[in-house]
Structures are given as structure tokens and as C-alpha cells.
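Chains: A, B, C, D, E and F, in written order; residue numbering restarts at 1 for each.
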Amino acid sequence: MGKLTIGCFASLVGSTNLDFAVKLSGAALEKGHKVDLWVSGNGVGISIEKQRPFKDYSSLEKPLLELMEKGLNVTACEACAEARGFHDDNTLAGVKRFSMDWYLGSTFDADRVLHIGGE
Amino acid sequence: MATTKLGFIVQRPGYKSENPKLALTHAIASQSVEIYLDDGDEVLCDVAFVGDGVLNCIKDQKAVENYDLNSTESHVKMGLLCDLNIYVCKEDLEKFGLTESDIVLNAEEIGGDMDVKVVPYAEISKMMEEMKHLLFF
Amino acid sequence: MKLAAFVSDYKMTVDTLDRLKPEKLGIVLVQNGVYHATIKEGGNASSMLNYSADYYVLQEDLETRGLTASDVLDAKVKVINFGDIVDLMFNDYDKTAWL
Amino acid sequence: MGKLTIGCFASLVGSTNLDFAVKLSGAALEKGHKVDLWVSGNGVGISIEKQRPFKDYSSLEKPLLELMEKGLNVTACEACAEARGFHDDNTLAGVKRFSMDWYLGSTFDADRVLHIGGE
Amino acid sequence: MATTKLGFIVQRPGYKSENPKLALTHAIASQSVEIYLDDGDEVLCDVAFVGDGVLNCIKDQKAVENYDLNSTESHVKMGLLCDLNIYVCKEDLEKFGLTESDIVLNAEEIGGDMDVKVVPYAEISKMMEEMKHLLFF
Amino acid sequence: MKLAAFVSDYKMTVDTLDRLKPEKLGIVLVQNGVYHATIKEGGNASSMLNYSADYYVLQEDLETRGLTASDVLDAKVKVINFGDIVDLMFNDYDKTAWL
């Protein structure tokens, strides 16, 4: 089994790129791979707690929490989050916040990297 | 003692998207990645501007003056200061009627030693082959 | 109608401008749309300049991209600022389209 | 003098569409027009307080507050905000939150409407 | 007693962007706009799908099943239920090899009386002329 | 290299695929990229299908858009799911590109 690092820079709601990243993470975990998910740029939107789930909007808090239970490793870009007014105190429990070097560190021993750009 | 090489490929113009800037800031983060690695291990990042992405390299960008925002140009210079290999596709510059005198070429004024490498696409293609992973922006 | 259309991209993904037939059309090049005014690709001016329209380009967005009024290739494209956009919208056009 | 209603659906950081909307609002106010700014979709990102100003990211909290002092009327789509985990308690002082009908109501007597889409 | 008419023009496909959905939900909000208006005043919204935007109207979208997300199709039906005029460009459907049998045409199952109007572009153009303001998505 | 390229848009704004010359190329049609597999525009199949590549299309993204495997016009495009994407990435390709 290998290690997959996914980077996603797209908004929580809009392109469904983050939905894609979360589903792909789930599928990879299911197959026994280790998965790191790095969110940066607008992708940090997924790191905020208390997203109110409406069916009209992508709502990823619940699936993300479930996958983190199964070992998904999620880290958000701290500067990208702070710039948007997202702070430690409303970050989803279990989501880490580090500098951009974390992403590079994760790719170091990753077998595969999928970098999904943003808007 | 191992090295992982990442190729950052910027294909689109800046400002209308955060991606070109984020490509550079993430590549620059290779300077501090050691905290996550064993002694002697490293991650090296090369950056290439291709297609409309070469427009990011036009010099004298007045983004601070107009939008209070660091310019993509300033990020290219930071990349040079951090000794990143930064490639710009020669054919794409020519396609747009741009020459080396139109783009950012070095970061001398902030003490950078590296120059932007204006190279044929074939060389960027070779770089991509050599990298372990590619990240397209 | 008198339509002010804002073009904010260099690569367009819609053909809306080809089909709109307003009585009067103004094309305001903003953001990455400014490249239509300054770049010849393979020696050819952008087809964005081929409409029967009055053309404007936003100075702030030119400058942000390292460009100036002197990089604007066609004299029919007038360099304007945000205040001018307001005046155009209120005085010369009645509807707008951000494409 | 007239009334301009601007709708903007794009992210705080990324396309600079919101920067454009804020600058255009300022220019219109300067000329004596009344300006309503509606943010919906990812545009609600501008309605959050405590955006940390870095020069690497569009930072619109300060210019927005200045323009609101000068009469700019800013309303964010409540559902779009809630879905993203943005709630009343971290909404920027002075920014209102209403349903989408507010935007239509604002257009009713607007002389001009500029609708700026999002990602 | 006055009416302001808004034309919502959807030019792009859905899901990759929130815009087509937001066009419909905003147009539907015309149902409750009275709270901001004087008695008798109203805002009416017409919606037109043109270009790649007509792809939003393909029926049997399984967005809930796959992404736990209400489909654009369901928003079109809500629009019909709210008696909005919803136009789909005939030429664009034909360009894509689509027929009326491929797209959502009515909202009968939720009690809607209105049908989607598949019309030549010329009719959408006429609608745009008649509107006070246009909103492009 | 063996490259898995993800195409997520119907209207492309980059020509990257035209220039990449990997030893092995896989094109995975996802999101609005799925339309390349199902739509003929003016009677012509999408030029996205003209590369010398193995083609895949994501079933979940077809279905979300009201499409099914039977709408896929060319038998060379294989309908796959998220699990298959993981296997392709790990077993058949060594690098990826999200375009």
C-alpha cells in the first residue's frame, strides 16, 4: 500500500473540486493507502467548523470528520486561512494548520501526488 | 539522504486566479521544509511558466499601488532569491511578441544570484520528466 | 439596448458577445481582459477587438500587470479609470453584462 | 445622482472580482451615487471580521469599512454564509445578512445593476 | 404600482461553478421580494439558458445520490413551480445534438403549471431587450 | 513518464495537453470534462478524444449531470469510479496533472 498526497486549492462551495478531493481520499483509504490532504488558497474553507448543512451547497464537514476517523490526515494553510478571517478558534477539530512547507514535506515520501488547483 | 523533486507548472495568467502566486509561495516553502524531514533529506522545486502563464512574468507590475497586493513579479523575485530554478517558455514569449526585456529576469536588487531561464519548451519538457511529481496551476 | 460588457478574461469560455446585438455596445476590458488590448498572438491582434463597439481598458488593471497606456496597440481602445466606468455606466449605457 | 446595485459572487481572495466591486463602489460613492453591494456565493467571504491583512492576499476589511462609513450599503446572503460556516457572531460590523430577495429588492429602484459572477 | 424586470442569462455548465444554481435561487427569490417593496410593486425574473448553459437542463441529474447536493434540474423545477419564465435556446440544444426529450421540460410532479420554453435565440434576445437589468452567470 | 491527466472542464483554457509528450498518457474525464465523452458539437466529437491516450470517464460525474454510460459515444472511453481512479494512479501511471 502506498501514500497519496492530495492538494486542493478550490472553494468549499462552487467547483466541487473539494468534493472530488474528499471522495478520492475516501476511495484511497478504503483501498488501504495512507492519504494526506492539504488545503490552501480558497480550499481552506473546508477547515471551518459549524458549516450549516443545506442540500443546496456542498457540505463537507461530516464526510471529512468521518474520513479523519479512518485516518485521513488534513492540514490547512495557516496564512491562507488567517487572511480570510478563519482562525484557530473556529477550525474543525482534527484539522491541522501549518505553513506551506507542510505540503512539500508530505510529498517527500508520497508515492503519488494529485494537485488540484483552485479558482 | 534523499531528494524529492517537484515541478510546478504555471499555465494561466495571474490576478484573476490565486494559483500563479500560490505556485510560487509553495515552491519557495521548500526553503523551510527540513522541519518535516530527516537530516539531509530535501524537497527541491522547479517552476515553469508556459502558455498564458508567461504573462505572469511581465515586469513592472504595479499591484501594490493599485490593489495593495504583492505582485506576482515580486514572488518570482523571491523565488530567485531562494535559488529556485524558474523557467519561462521561449516559444510562448515569442508567440505573444514579448522579449526578455519585457519580463522579470533577475532579483539583483534584493540580492538574488539566480536568473530566470528563458528556454525552449523542450527543456521544460525535460525538466518535467526529471521531477518525481508535477503540480499544474 | 445600450450595453456595457465587461470582459475580464483573456481566454473566453462563452460566445455571448458574438450573439448580442445591442443598439450600442461598449466593451470594457478589465482584469485579464486587458491583454486583449496589448497582446498580438502570433502577430495577430485579439479577435476581441473585432466587434462593432466602443472599447475601453482599465488603467489600474493594465498597471497591475506591468502594462501601460503605451502598450495599448489600437488607438480605438480608450484607457479609463474606475470613475470613468461609473460615468460610462450611468451616462452612455443602460444595461451591463459581466462576461 | 443615481443608484447603483452591484452583486458580486466571487471569493475574497482569487479573482480580484471583489476588489473590483469595492473599488467601483468607492468610485460611484465619490460621484454622489447611492451604492448597494450584495455578496452571495463565495462572495460572502468579504463579510467576515478579523481578516488578517497580508500583502500576499486581497484584504478588503479595511476598505469596506471605510466605504460603509461613506454610505455603502453591504448585505451578504445569509444561507450562502451559513453553509460556509460564517455566522452572525463573526460578521463584520455594519454588514447586513438577508435572503436572496434583498438583492432583487435593491434592483427594484436601481438605475444601474452590475452583476459580477463568481467561480 | 411598478414592475422591475430582470433577465438572468446562464451561459456556462453547472457543478463546476455555483453560478447556474445561484441564478435560479436568486430568480426564485422574486417570490418573496415584496417585503422590501411598496404594495403593488414587484420584481419579475426571467431565466434563459444559452450556449453551454443549456447543459444545465439535461434531465435525470443524480446530484443528491452522488454528491448529496440538490441538482440544477431540481432548481429549474422549483423555478417553474414559482411560475418563472424559463427559456432554453433551441439552436444551442441542436448544436449539442440534444432534443426536448433530453431536458427538463416541466415540474408536473411537484405541481408546477409552467413549462420550459425551448425557443430560438431571437426570442431570448427579445426578452433581454425588454428587461430593465441583465445578470449574466 | 506515465501521466494521468484529469480534465475537469468542457471549455479548456490551456493547451497543455497538446504539448505534453509522455511515454504513456491517460486522460481522466471528470466534472464538466465528462461532456467530452458524451457530446457531439455540430455533429463532431470533441477534439479532446483525439489524443493518443487511454480514456476514462467518471461515472459519478456523468450521473450527476443526467448522463449514463450509454451516453458515452466512443467505446474507447471507459467508465470508471473513484476507486478505479485510485488504482489507475497507483498501478498504471506515475505522475498526475489536473488541468
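The working rule: a residue touches a chain if its C-beta (ideal position, glycine included) is under 8 Å from a C-beta of that chain, and two chains touch if they have at least 3 such contacts.
What you see is a predicted model, and the numbers here were worked out from it, not measured in a lab.
Taken together, chain B and chain C share the touching chains D, F. Steps from chain C to chain F, taking the shortest chain of touch contacts, total 1. The pair with more inter-chain C-beta contacts, choosing from A-E and B-F, is B-F.
Chain centres here are Cα means. That of chain A falls 27 Å from that of chain D.
Taking the mean of the C-alpha atoms as each chain's centre, chain A and chain F sit 24 Å apart.
Residue positions 13-16, 41-42, 56-57, 59, 112-113, 115, 117-119 of chain A are each in touch with at least two other chains.
In chain E, the positions touching at least two other chains are 15-18, 25, 52, 67, 69, 132-134, 136. Listed for chain C are residues 8-9, 11, 13, 31, 60, 96, 98, each touching two or more other chains.
Of all possible chain pairs, the ones that touch are A-B, A-D, A-E, A-F, B-C, B-D, B-F, C-D, C-E, C-F, D-E, E-F. Residues 1, 3, 13-16, 19-21, 95-99 of chain C are the ones that touch chain E when the two sit in their complex. Touching chain C in their complex are the following residues of chain E: 9, 11-12, 50-52, 121, 125, 128-129, 131-134, 136. Across the complex, chain D is touched by residues 15-18, 21, 25, 64, 67-70 of chain B.
The touching residues of chain F, when paired with chain A in their complex, are 6, 8, 30-31, 60, 81-83, 85-87, 89-90, 94, 96, 98. Contact residues on chain B toward chain C in their complex (touch as defined above): 13-16, 52, 55, 58-63, 65-67, 69, 71, 73, 95-97.
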